[in-house]
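Some structures to go through are shown next.
Look at the two complexes coming up: chain A is in both, with chain B in one and chain C in the other.
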Partner chain A sequence: MATLAHSLEPLQTLEGHTDRVWHLAWSPDGTSLASCSGDRTVRIWQQSRIEGRGWRCAAVLEDTHTKSIRCCCWSPGGTHLATASFDGTTAIWQLQGGIWEEISKLEGHENEVKAVAWSPCGNFLATCGRDKSVWFWERGLGDEYDCMDVKHGHSQDVKSIAWHPSRELLASCSYDNSIKLWANDEADWVCVQTLEGAAVGHSSTVWSVAFSRDGRKLASVSDDCTLRVWSVEWSEGCPPEPHCSLAACISGHHSRCIFTVDWSAQGLIATGDGANSIKLFGQPSLLETAAAAAAAAAAGSDPAANSSSGYIQQAADAAAEPGTPQPAGEQPAPAQQQNGELYDAAAAAAAAAAGDAAAAWECLCSVQQAHDADVNCVRWHPSRQGLLASAGDDGLVKLWQYKGLGQAAAQQ
Partner chain B sequence: MDDLFDSAIELEQSHIQQGARDGKRDGMRTGLAEGRALGLQKGYEIGMEVGHYAGCVRMWRALQQQQPGSIPTKLERSIAAMEECLLQYPLYKPQDEELHELLEQLRGKYKTVLAGLGLSAADYGSSSSSSSSAAGGSGSGSSSGAAAASGGQQPVSLAF
Partner chain C sequence: MSLDAQSLINPNPIIHERKARTQKEAAAAVAEDGRELIDASEIFDHIRDITDPEHPYSLEQLNVVEEELISVDDRGSHVKVMFTPTVEHCSMATLIGLCIRTKLLRSLPPRFKMDILLSPGSHSTEAAVNKQLNDKERVAAALENAALLDMVNRCLAGAPASG
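And now, the complex of A and B:
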């Protein structure tokens, strides 16, 4: 019953790259989409100001890397872009006067850099690569990034990394089938937990990890065709210590290696796999509760919904570190203005309140042949509900609109 | 009648037991020899790597004294951490649980310092930081190969 109401509609196909597109990143203010490719360039896509024209390529960043660009990441303030390349370097770009310029190059990895990620507070950059190490860089004076620490915990190629949205905690995943969690101990980074082993950890390469927007869950996808959801808990103490435990193992939906995973603001998980498909997962019981709450809130003045949106605003404020540079005039947290956005807040509040770990996960919808080849990356828009971007080995970037329960009336 | 059959069964049993004893004895002999060879190889590799880091730290300290300002101050923490690690390194306790973790820590700090100096491992004729990417089994062949491939810098000889 729930599955019938969910769909992923294609919106637009963005052409331009001349080789496989490896990775995507939405700018924090949601106005730009960066895509990076085996053609050694990054393309910045922006929505045309002319209504109905869709997204077009606004800039091409090239002539820096000598090999494929595997990953790109925006700084929290949206002013810089980091690109990680198979040539072993990570470049930092800055938008100055409408032009993207390379301002710094981080060297040190012995071979291909697989991922780069900016910490939400903006002070740290993490990279990982085929040399099995995770590097932590710290922002110094001006635009300099100094190497802080190099960690060799993984025994194989490290595929990807992801920062917790509000704490200094990094998750890394590897060809060695494990996920490691790294926390800051003064200026040293320490592996505080390794998620591995029979019945708990993945049984093959873990390709991607992603924290949920509220930081309470971690999703991981693997060559073993499973999607695992872990709950993230913090111990009492100073400083509080993190601990992850397996909350759900979702299997039987993918026939090939799952390459990418991303959480939406409402707690939906999108995955892309080697069978060219994009699948969406959610917890229908929680979604129904949230939809009901949203409908009640939209219908009239519902004190419960108002207080839950207040909760979300508080949580969002708490999540933003004191030093976070906010893009002028933009709020990363959903503002209570449209029906759709209010649904967002209510859904998140309902999920948080209901103790969502136990609710069953279902595949809400599946798009076969989303691309003509492997789907390398899926990314939800930071604020526009249901807008999803995907990148594939076919060299294309595609935009999709998710329509689900309680959204029949909500507009995009 | 019991005795007749018993001795026949026992003959089989005694052959089995004899075979087990022989196997154990021969196995221990070859096992010991193999273990010794492997231990020698691994010990050499670890010694090489730790010695390389010790030499680098000595060289950086000497450089700091002779040419103040040649080593950026931001690297002080990492170099000091390496010194700490080297002093504690259980070179003579092969069964120390922390043997490998400390080595990884040293490796990480070493790379941090090199990155801070704007250098790569190849510039320093690194002994084993690139052999860490080779399969565990290829041992001494890969480490000497790495040293040779990286430009033939003479490893610093230490009095330890």
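And now, the complex of A and C:
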């Protein structure tokens, strides 16, 4: 069995911003990438129609915000862009006759707005900021947005927010070290859970949160240099209530504050940190090793695996369907790497049997000097497998291609 | 309590003598490419003349900054500066820290990572001040606040431009 190679190859560097790039957002159809910066502009990047020319700047949105633009976000239909600024406002932009026009401005935060996010249905917009609040806006007639609710649950600035991909559920994370989950209760939004405390929570500022694409997991990253993965489950009641529990705390990989996190469609987590690095995390035992272990067991290369070869398929099935109860009496050992190359088939199968929550997370690859400064944002392309964009304090946007699991999965 | 005592956080700071400027020693550490490595004394030279926000003295004269509390790893591109406010409930601590960070941001190559911290035990809300000083988003926002930037620039006016 060959080494499971994972790599992140640089594709292109996009130059244009004159100050740090804070945030990135792919349009839902993947044709455009928006980047926003301390230079108070947004740049829209699109792939050149000419083969081999790569991505180029197609538009610059400027003269609206008077301070850094901290966050940008596309509407679910890809027709509008929202931008959040340190100037205290959130702007809504629309492409009209080939030109991006500011069509609406949301005012209300006392000072810096740090993030903006459109709900999956497009009816709601959430913003958060330095004033410790999370605002919920509802789309009214035309392009008017009315404030529905203002929540003051956090005790310090709210750093970022993320919507669940299919439910009306928002996660917010804060300088107060906590993550809060907000659910819609008719006209109000209520905090249904707070993830905090020494037992499970982060021990410093939580900079970013991201739901997995299937909505079953939440990832959070922090100044405490850890990545945490939470399982999201729903109660039977009406309406069903979410409940998050800590599934994994991944530490020892980042040497400085982690600023950004994003999930790929294949379940890979990308992170970017204050030590200029981008790292990819995955659960090899779930994503690939189940297949590798089955092959190894079939070849009889590992007696331990051999004896459990019939069990491996069951384990893989259990992993694919986390609702399946764990086999009783089988307390799995975490998947171990042997000689940095081979995975212990039996251990991997056992870990998979425990469901995805218990399967070991590993750092699959790391680009140490991805940017020449802090990495502020990483975002996977919505559909093109393995395409990742990153933004840094060096004023650059970079595109990367992940090679490894995605390719293996594609070949199957 | 007198008016002065009310308006000044520390009405009677102790003034220390300024050290002689360190002469660049011929034996200064040199990198593989022949470049002179940045060391603690160079960092100290950048920040020693920053004016205290409430006294007409430099941070060196007030013993707020000391060369001994600076550590530099040039190859690892890392600088750690610890500073000591004159009184432990000093409300100017975050402003002083912001001045030190801003001066170094303007003086050092951008590859450097900086940790600006209160010296241990020097402040009543040490952890909170440290957290704020090292939150890049708060620092960025502070430097976009015209009034705050003006205060920082006035404190830095005393310090020689980087070179």
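In this text, the second predicted complex is superposed on the first by the 335 of 412 C-alpha atoms of A that agree within 3 Å, B and C clash if a C-alpha of one lies under 4 Å from a C-alpha of the other, contacts with A are read in each partner's own complex, and residues count from 1 in each chain.
Just so it is clear, a contact is a pair of C-beta atoms (placed from the backbone, for glycine too) under 8 Å apart; a residue touches a chain by one contact, two chains touch by 3 or more.
Predicted, not measured: the structure shown is a model, and the values here were computed from it.
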{"item": "Three-chain arrangement built on chain A, chain B and chain C clash or fit", "value": "fit"}
{"item": "Of chain C and chain B, partner touching more chain A residues", "value": "C"}
{"item": "First (chain B), second (chain C), both or neither touched by A:G274", "value": "second"}
{"item": "Touched partner set for A:Y175, first chain B, second chain C, both or neither", "value": "second"}
{"item": "Which of chain B and chain C A:G38 touches, first, second, both or neither", "value": "second"}
{"item": "Which of chain B and chain C A:S68 touches, first, second, both or neither", "value": "second"}
{"item": "Partner chain in contact with A:Q96 - chain B first, chain C second, else both or neither", "value": "neither"}
{"item": "Chain C versus chain B - closest C-alpha approach in the superposed model, Å", "value": "11"}
{"item": "Doubly contacted residues of chain A, that is, touched by chain B and again by chain C", "value": "111"}
{"item": "Chain A residues touching chain C - in the complex, by the definition given at the top", "value": "20, 38, 67-68, 70, 86, 111-112, 114, 130, 157, 159, 175, 204-205, 223, 256, 274-275, 372-374, 393-394"}
{"item": "Residues of chain C that touch chain A when the two form their complex", "value": "110-111, 113, 131, 135-138, 140-141, 144"}
{"item": "Chain A to chain B touching residues, read off their complex", "value": "107-108, 110-111, 131-133, 135, 140, 146-153, 187-188"}
{"item": "In the complex with chain A, residue positions of chain B that touch it", "value": "74, 77, 81, 104, 107-109, 111-112, 114-116, 118, 120-121, 129-130, 132-133"}
